[in-house]
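Listed below are the structures to be examined.
Consider the two complexes below, in which chain A is the common component and chain B and chain C are the respective partners.
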Partner chain A sequence: MRIQAEHLSYTYNPGSPFSSAALKDVSLSVEEGEFFGIIGHTGSGKSTFVQHLNALLRVPTSLKKYRKKHKAPPSNTVLRVGEFDLTDKKTDFNALRSKVGMVMQYPEYQLFAETVFEDVAFGYKNFAPEKPTKEQVESAVRDALTIVGLNYDEVKEMSPFDLSGGQKRRVAIAGVIVTKPEILVLDEPAAGLDPLGKQEVMELLHRLHASWCKTIIIVSHDMDEIAENCTRVAVFSDGEVKYVLPPKELFRHAEELLALGLDVPLTAKICLALKEYGIRLECDFTTEDFLKKALALQGKGGSV
Partner chain B sequence: MMKDVAFGQYYPTKSYVHNLDPRLKIVFLIAYIVAIFLAKNFYGLACCFVVLALSIGFSRVPVLRVFKAIKGILFLIVFTTLLNLLFYNGETVYAEWWIFTITKEGILFSVFLVIRLVLLITCSSLLTYTTTPVALTDGIESLLFPLTLIRFPVRELAQIMSIALRYIPILMDETERIMNAQKARGANFETGGLVSRVKAVIPVLIPLLLSSFRRAEELGDAMEARCYTGGRKRTKYKKLRFTWRDLLAFFAGAALITGVVLLNVYLGAMI
Partner chain C sequence: MKAIEFENVSFSYEEGGAFAIKNLNFSVEEGEFVAILGHNGSGKSTLARLTNGLLEADGGIIRVFGEQLTDKNLFDIRKQVGIVFQNPDNQTVASIVEDDIAFGAENIALPREEIGRRIDFALKAVGMEEFRHATVSRLSGGQKQRIAIAGVLAVMPKVLILDESTAMLDPKGRREIIDVVTRLNREQGITVLLITHFMEEALRATRAIVMNRGEIVMQGTPDDIFERHEELLTYNLTLPLIGRICKELRAGGMPVQDTLDASSLAKEIAACVSKQSI
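For the complex of A and B:
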């Protein structure tokens, strides 16, 4: 499913002294099959944008209240996810949500059920068009727990609160992907984990990308993570999209990004520092490629 | 949905009323409520209304916003009005049916009551509109200070109150976040019968409860790490100071009560 947004704006608390424009005329599209990254400051509108994708925030024209006030939708806003038109109030938003999975920040804080099984099954049962049989639920939960790297028979009867931090996060992710969404959106999926845990989560995401979820969108502050994994990156700043580029092109603008108050990957920082010494190092900013190019440069006699 | 909950609804702007000492505002509110209940005729209530209108004017809070607070007690107003209208024992009977009687006195009394209730709610909500929760607790702490003489833990109480108030918006945000997360997993909070709606709340309530315990523990640790101990003589970051503005408002309050009592005496009680 392709995501297409044009002229999307959103204001929190419109018409009150607390009103603030979170999105200003954003146009952005994500193709099917991408591993898309979104970066930006806190309050840059990135969370607001991703919450639109599964209608947790609604385009005003899709709301009854708005339709009552204004007869025809006057805006030129376009927001489509696959065949779903999110500006239309007749859209089946529940069906949309089963196709667009959303993993919030620190998803382990949303676990609630007595057993891991019940928690993962929650979404599956909610979205099932008719009451699923016991076997259907069981196989769906088994698949979801297996793909996130947990042993189904071991954890299914455990309380989710007895698991370790990393395991809890996997269970929470399993609870979202149990419906096999085509698009998976994750807000800071690796935040608060140790380096090994981070790596495991990223591996899990690639596993999902190769099997169930055609498109993956991650919101992240960790630029190394973005540089290593994403096919394209959108930079949000102050409610607007500043750049949409593949990471290897984006981080050539390291100085501009730093001026926006954003971080850049370690590799880009080193490239910047080398530039001051007159050494040009062209790489795609993944650690592997960077090392290769740097070693090649050293071999040529460049003093690195 | 959470944004509709009208609590701690501070309206941020700069005005004479906003700048008043919170202690004075609390005392003034109490005086005002006493005046409303002392008023025995419409002239007294009219006085109260004028004072309220002036206060709203000076506070620069939009009038519609102030009166929005009435929505919350609309049911109460309608209910009491109907009861009084239909059952008040008056002399001049306009209509009679079964056990209901509508009398002139009943109508007047109902109107009187409605005005009283509306004034009561609007003036209290004006206080929360113009005073930050922190200033409010500071004010209450300061006013309750005499109670420390009988070893009543006023400071601790104020501390607990300000922490509780501080955490309301945080917990509201948290609720919304968790609700969104469960909505993304297909939870439905809007439709269904009573049982299914109560059931739908569980996936929100349990994580919320857990996180508030977690936050309480974290806050306790953080306070201990900063050597917080209750009970000692603690200094304040923001000291309350009485100024000429406050004196002016104080006299206005005193004048209002005197005026209402005098009106009662000279023009006679209506009820």
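For the complex of A and C:
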């Protein structure tokens, strides 16, 4: 499923003294199969944007209330996810939500059931078109827990609250992917975990990308993570999209990004600092490529 | 003077269960800036909560500025040891910044004028003077966390513990907090215990401690600790990325010195490259 947004705007508390424009005329497409990154500092509109993708926030024209107030649909806004038209109030939003999984920040805070099994099964039962059999639920939960790297038989009867931080997060992710969404959106999937937990979550995302979820979208503040993993990156700033580029090209604009108050990967910082010594090091900003190019500098005397 | 002293302290969350803290001996001198590292579940937060009596040890002695922590002096000791937690939203009690900061000071029944003075002091210390009358819920995560620190400072503790206080913040918010804490340590002489997963943050500390399964397994200056990378890996910790890059460059035959920031590594690389070309 392709995501296509054109002229998308969103204002919180419209018409009140607290009115604030979170998205201003945003146009952005994400192709099927991408591992897409979204960056931008707090309040830049990135969360508002991703919450549109499974209609947690609705385009005003898709709401009855709006239709009543304004007779004609106004705008040139386009928001499509695969075959779903999110500007149309007749769209089956429930079906959309089973295809677009959303993992919020700190998803482990949303665990609620007495056992891991019940917690993961909840999403599956909720989205099943008709009442699933016990066997169907069991096999779906088993698959989901297995793919996130947990041992089904070991954890199914445990309370999710007795697990470690990294395990809790993986249970929470299992509860979302149990419907096998085609698009998986994650807001800061590795935040707050210890280094090993971080690594495990990123490996899990690649495993999912190779199997269940065609498209992965991550919102992250960790530029090293973005440089290592993403095919393309969108930079949000002040409700607008400033750049949409592969990391390799994006982080060549290190100086502009720093001026926007954003961080850049460590590798980009080093490349930027090397320029002052008259050394041009061009790499794709992954650690691996950086090391290769940096080592190749030796013997060539300064330019790769 | 020792600010904090643990003598054979043990603690487990369930009776007869695994030890979260096991026979721990350690101390922190007044004015030190100590970083505590360790993977999830290694006992870092338990250690923080034991220090000001939020948890009661099963065995052993805890002393704060020489005084043994008991039921009787619990509240006096909490005035000396303040903790800032992870989630800024869970630590605000009032809707207006100055009321929120006053909460702790009001609770220890200080006179009104004194509370006013302490709010001034605390706001200044965290660099939030112009937000005195702002609504807490409309601040950014980093600003809220600075207000949480200010609330703790208004009680004027001598020890400040940050229990993963930067984990939920964006890079800018994180820098704000670490800068404030570093300044409090250097200028006000406040003893700081910084519990963190961000290896980069530990570099600011004068001493780093690595915990594993409720025990202290490594100790030294941050530089010393990060030099022992093989050992760190066995405790499920990694080097800061820059440390890994230095190590890999050396392994590939480029003799760079270990360094901890991008511009000095660039200088190192430039030196290696120019030597070669001559």
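FYI, the second predicted complex is superposed on the first by the 299 of 304 C-alpha atoms of A that agree within 3 Å, B and C clash if a C-alpha of one lies under 4 Å from a C-alpha of the other, contacts with A are read in each partner's own complex, and residues count from 1 in each chain.
The rule is simple: a contact is a pair of C-beta atoms (placed from the backbone, for glycine too) under 8 Å apart; a residue touches a chain by one contact, two chains touch by 3 or more.
Predicted, not measured: the structure shown is a model, and the values here were computed from it.
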Joint occupancy of chain A by chain B and chain C, clash or fit: clash
Touched partner set for A:I270, first chain B, second chain C, both or neither: second
Touching partner for A:F127 - first (chain B), second (chain C), both, neither: first
Winner by number of chain A residues touched, once chain B and chain C are compared: C
First, second, both or neither for A:S98, with chain B first and chain C second: first
First (chain B), second (chain C), both or neither touched by A:P195: second
First (chain B), second (chain C), both or neither touched by A:G175: first
Contacts of A:P107 with chain B and chain C, given as first, second, both or neither: first
Clash with chain C, by chain B stretch, listed 27-35, 45-53, 171-179 or 225-233: 225-233
Chain A positions touched by chain B in one structure and by chain C in the second: none
In the complex with chain A, residue positions of chain C that touch it: 38-41, 86, 140-141, 164, 167-168, 170-173, 197, 199, 236-238, 241-242, 244-245, 248-249, 252-254, 262-263, 265-267, 269-270, 272-274, 276-277
Touching residues on chain B, where the partner in the complex is chain A: 3, 11-13, 177-178, 180-188, 202-204, 206-207, 210-211
Parts of chain A lying in touch with chain B, wherever the complex brings them together: 13, 17, 51, 54, 56, 94, 97-98, 101-102, 104, 107, 109-113, 122-123, 126-127, 161, 175-176, 179
Chain A residues within the chain C interface of the complex: 41-43, 106, 164-166, 191-197, 199, 221, 224, 261, 263, 266-267, 269-270, 272-274, 276-277, 279, 287, 290-291, 294-295, 297-302
